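Would you mind keeping the following structure in view while I ask a few things?
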């Protein structure tokens, strides 16, 4: 990492030199700068230009950034003339031109992004740029086509083959640990003592994916607890005064938190790969582990129940109604089973987003736990219910197949039986 | 690197597991396997399939590999139906579909290659695969469209932003040094003693670009000698018994050999970036360096002179004719200047391939050296002539511009004057 | 470090094997075990025995440890017979026996300690052992001769030539940083945020000495602040909301805290080497630094003033008397100057222990600062006075010479003048 | 290592500064310089002086070095007056002075060596110094007492607890591998290809001990071959075209070469520790290994047989006589057994030096191999005989005990039976 920095620094100086050269002919504005970067072929000017574009971007407020993205979308879209030329050749009967059509119709913004990436720290800066873009898209969906370019390139650059799994522990440099504290998105890490419990205790593990171009900034991480049995509540996992599990006897590994770290990489999926690789890693180190489960939130339960109250079986509808005073529904497990097993997302699959992720990975809904999350968050989202998804390497492929092709929600029999209670 | 290996190993085992799962339903042949990889979404099966495809490929002879590539080209080309659908929408007036046209017309082989890349060591295996493809293309140009997919993805993955410059010296692991010996393509390294002279002498340097996915296998390297003056012959640089240059007084850095290491990355250009970064690195370490030049072969001189003898000025035509007995032309410097400055490649730029590279980088043709290369190779190609190209950071941009837009060959006045001799 | 651990582990297993072998013939008690370790020559048994002795020691309470040390002192003292034999030979006229006398009279405990050191983690365990010994010596000075053996060997093993200077910063592993927090003995580090300010701010540095046998456990560290001028109070250095110093303009480096980390290495001196090496390191990185000073406590001032009140010049005696109500003496600077410049330790040199350290290193007493330390500690020890010692590489040797041979206290003229005030 | 170098460099500069300070008062000659180093307490001067002494030493020829060592021996011997004072106190009845006698009689050269060790690279330079001393001692045994000081301190500094085992393979830096080639003392490594076979083949290993103060310069290394059975000749181990052993099935690990690397550390023993640790390491990696043996030369056989011909049983005496024409003795195995089992060194133990080493470690003489070493060396020393010593962790302790206390040569029954043949 150090060596990289030295040379990034050097590249920086190449860029500086280029910038000086650029002095007199420097483009007046970002649009011109981008034009030059895209059409020019000089490397010194190229790196300098890329860096100058990033620097100018960093100095902008959000409104200017919005204008910048709009400009990129409009000015660096598909080369229509070139596309039409190739199209005509193809339609005139030259079959070889079908492939050329793809090349000809590549939005020019893609090559622009590739050239920006050459600058020192380019990847990192592009990820930050897309973070802004995603935020702006909340109000302006017309930027979606531009985002598609970022997403396409990031998907290629952050290919699983380029990721490195690393264990995070108490020997990890503090600057990385500090990021873990900041990035934890599910069960907040309250400080260094809490962190120490999660990474340094013998019955706890934390693994992260890194990408060479982002250095020591992780992409995603998962926190693991070794336990005797499948746990039914998160409080017992996180408590400072919990009993330590004897790892030599532990049979269960619990993935109790998965956090994506890079907002600018939204939609580029790593979690599936991460979990499965960690399952392998743990199994290698402790061959006595037999069970790999999550302890997961059910973020959509309460909102769904209230929205669909009238469509529920009467006893569930009643239980939801009775809970309108803020109390917990009585038949909460049945209600959860109903939500997980019967409701469907408009685009297919389970309604619950966390369920979609794990079921899509081939995991099985293993258990529903009441009183599992006493936090305000947990109460608000799901009246404190959490669930376990089971990762069984021998069945994930079959499960995945059944889920993705037939839409079947794979669940353990006891969960299934909750559906038939009345 | 070690950590990566451990986890590659793990991924290997995930893949093994996937392969076992695959057992009963394993596709009968490569086409089916590729179909499944491309359409399936399961990760365990995915990695296993990718690996199985590579393994099966490795077991094939060249004829089968040819058939495999032909199959890829034909079966995983552009999705014509999807393209036509989008095309129609666009032609029906939906302007937003212009960008979709690009996505729709992406050859399916591109996504297939991306999925192959996820396997352990995938990038390395894809580079090896393309190496075969390039060789087969010598006799079968119909594979060119498939190669365009490899080239496009490699260009994106081996973006300069992902490369790391490293110095190679006598503290470098032997397995890397062994590769340097093997990859040196210009001035053969005769063994470990010769290598030691090139990397361990105080007045010698060797720098290489690496890519994280290829581990300790370099992409390209450049060899540098520090000298008092611009050297006129390669023998003096390589001699085992040469005098050492006092690096505190050296004013000149000579790039006397540049070797690309990965045949499978042909056409993905790194040399330009490498030279400029090394110029910066050297300038930082030895601020007294004022001159950065190459000592380069002129591989096309003799062939060109013989082929164009009749079009030359008479005294040059005579000198070439006189040399038909195997002797060297008398007016060799004039002849070289004529070749470099007046001849043009059909696609523009200089005729000589090495000249095209350096002039395209913005270097200047600085000097013509007779009796510069006593090797059989050097005699055969250019009657022993070598030239120096000068890299001056303050003018490379202007030179590059003049060369690439106007086709102007930038040369030092003394070289220019050779043209006017008679 | 990792590699070392692997092999420590292996050695551990060799030791285990040895222990098994030992099974039937294992010495009944520690004295016998030590006898066997010292006389036996078997390596497997040797490592196992050494480890067994350490393990048994770890299981003991303080009283048993006291008995253990007493046993070592009495049973593994000098071999009197051997000494007398050699002595007689020498006194009989064999001059060559004078050197043998040294060998013959070596306390057997020294070789015993050397053999204990061979065990995995031996050095670390011996350092812990001496820590106990030093504590027991508070009440039992008869153990001093045994401690002389530890001290002699530690002095040899922790020779400056074996120490490694390392910078501690925010990229340092958390387990090392945690030790820094724990070991800071002068100005307590209140937590990770405070630590971060001391190691990660651009105008702060922390350097430590490490020894290979103690791994990542530091021996001593020094904290440095870069400032514009010589600082007059510690609060300004430590404040969370202090202004940052522009390091490009800083002219002063302030050593504001030096902490020894290993209680078991008391009396083995590293501070002198550390400060001077850090001065060089800082000077190399920031050539604009011109001044290297400490900001140091005066721990003995108040006690001395109260004890020697009657011997002071009247105006100082009065000022001390007036301060008996808890207020600060009026003429506090004069009083401090008097303490530093005129009082002498019974064994020579300055009375103040911190002064003895810095003056002995060749530093000069540069300035006396009132209101420099608002902490309860600082008030109690010195009514809040702190002083600066100046490290000037061009004069430290001369200063050191004058101090150590003539007992001269080197002080800046303004400090000297305080003596002459009345 | 890099970090160490940086700081060595710094220390170097502290030393430079000290040297400048020293300018005017620099001692005229080495004796004075050593006096000053020993008595002075200044650190800057101390490092500078130490370095100056080393530098001046390096500039000397062998005769001056001899004079230097003589001076050290005579001028920095035991402080006789101090010794006599303490001696008198002890003889006058102060028992506590017995321990002080040891301290008082320490040759002053020991503390001098310790202070030299503080200089940058001090340990390395002291080891080189002792190398010279050992060579001079060949002709001048009066230097022995001085060597005792070096030996004593080196024994303490190179304590097994400070050594690090490392595997040497093809990923090892070339500068280390180059040293291995140079240091191999038993079976010469003919170049990089030969080295590659010994470190990079799957069925070959090479392990070395390193000491932190010597950086990447090894102390000792052992070469290992994995084989199916106990090998009977070295040619089969070293052959370039040998068949590879399937390591998954190998049952035997053969230590076929052990080389000490540092002539200046002669007499400081590491081999015993190295072999046993490597046995453990190999056993951990390949649990199927059951047999750990050497393939060792018998360097003293031929000389011994010729010298003791007349004392041998007649058939052996005859066989030796018959071999005087240069042919090999007929009953060579019997003769070897007789040599190994019956002859004794004047100071006890086996006569053969290699046998003394392995038997002293607790190994067992396992087999005698005729036609085992076709090299000129092997023929000259032992008519080509080599032997295997077996390291069995379960019996080495007992073997060692029997050998070292009873002088019993432990040998396998078939070897023993050779004694009884006639």
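Before moving on, here are some points about what is shown:
Per-chain residue numbering starts at 1, and chain names A, B, C and D are given in the order in which the chains are listed.
Heads up, the rule we're going with is that a contact is a pair of C-beta atoms (placed from the backbone, for glycine too) under 8 Å apart; a residue touches a chain by one contact, two chains touch by 3 or more.
If you're wondering where the values come from, they're calculated on a predicted model, not measured in any experiment.
Annotation of chain B and chain D: not jointly contacted by any chain, touch as defined at the top.
With centres defined by CA atoms alone, the chain at the far end from chain D is A. One simple way to say how far apart two chains are is to compare their mean CA positions; for chain A and chain D this gives 58 Å. Chain C and chain D have Cα centroids lying 36 Å from one another.
Annotation for chain C: no residues touch two or more other chains. Pairwise, the chains that make contact are A-B, A-C, B-D, C-D. In the complex of the two chains, the chain C residues touching chain A come out as 170-175, 177-178, 191-192, 196, 200.
In the complex of the two chains, the chain A residues touching chain B come out as 3-4, 7, 10-11, 13-14, 17-18, 21, 41-45, 77-78, 80, 83, 87, 96, 98-99, 101-103, 105-107, 114, 117-119, 122-123, 145, 148, 152-153, 155-157, 159-162, 164-166, 212-213, 272-273, 276-277, 280-281, 284, 360-362, 393-394, 396-398, 400-401, 404.
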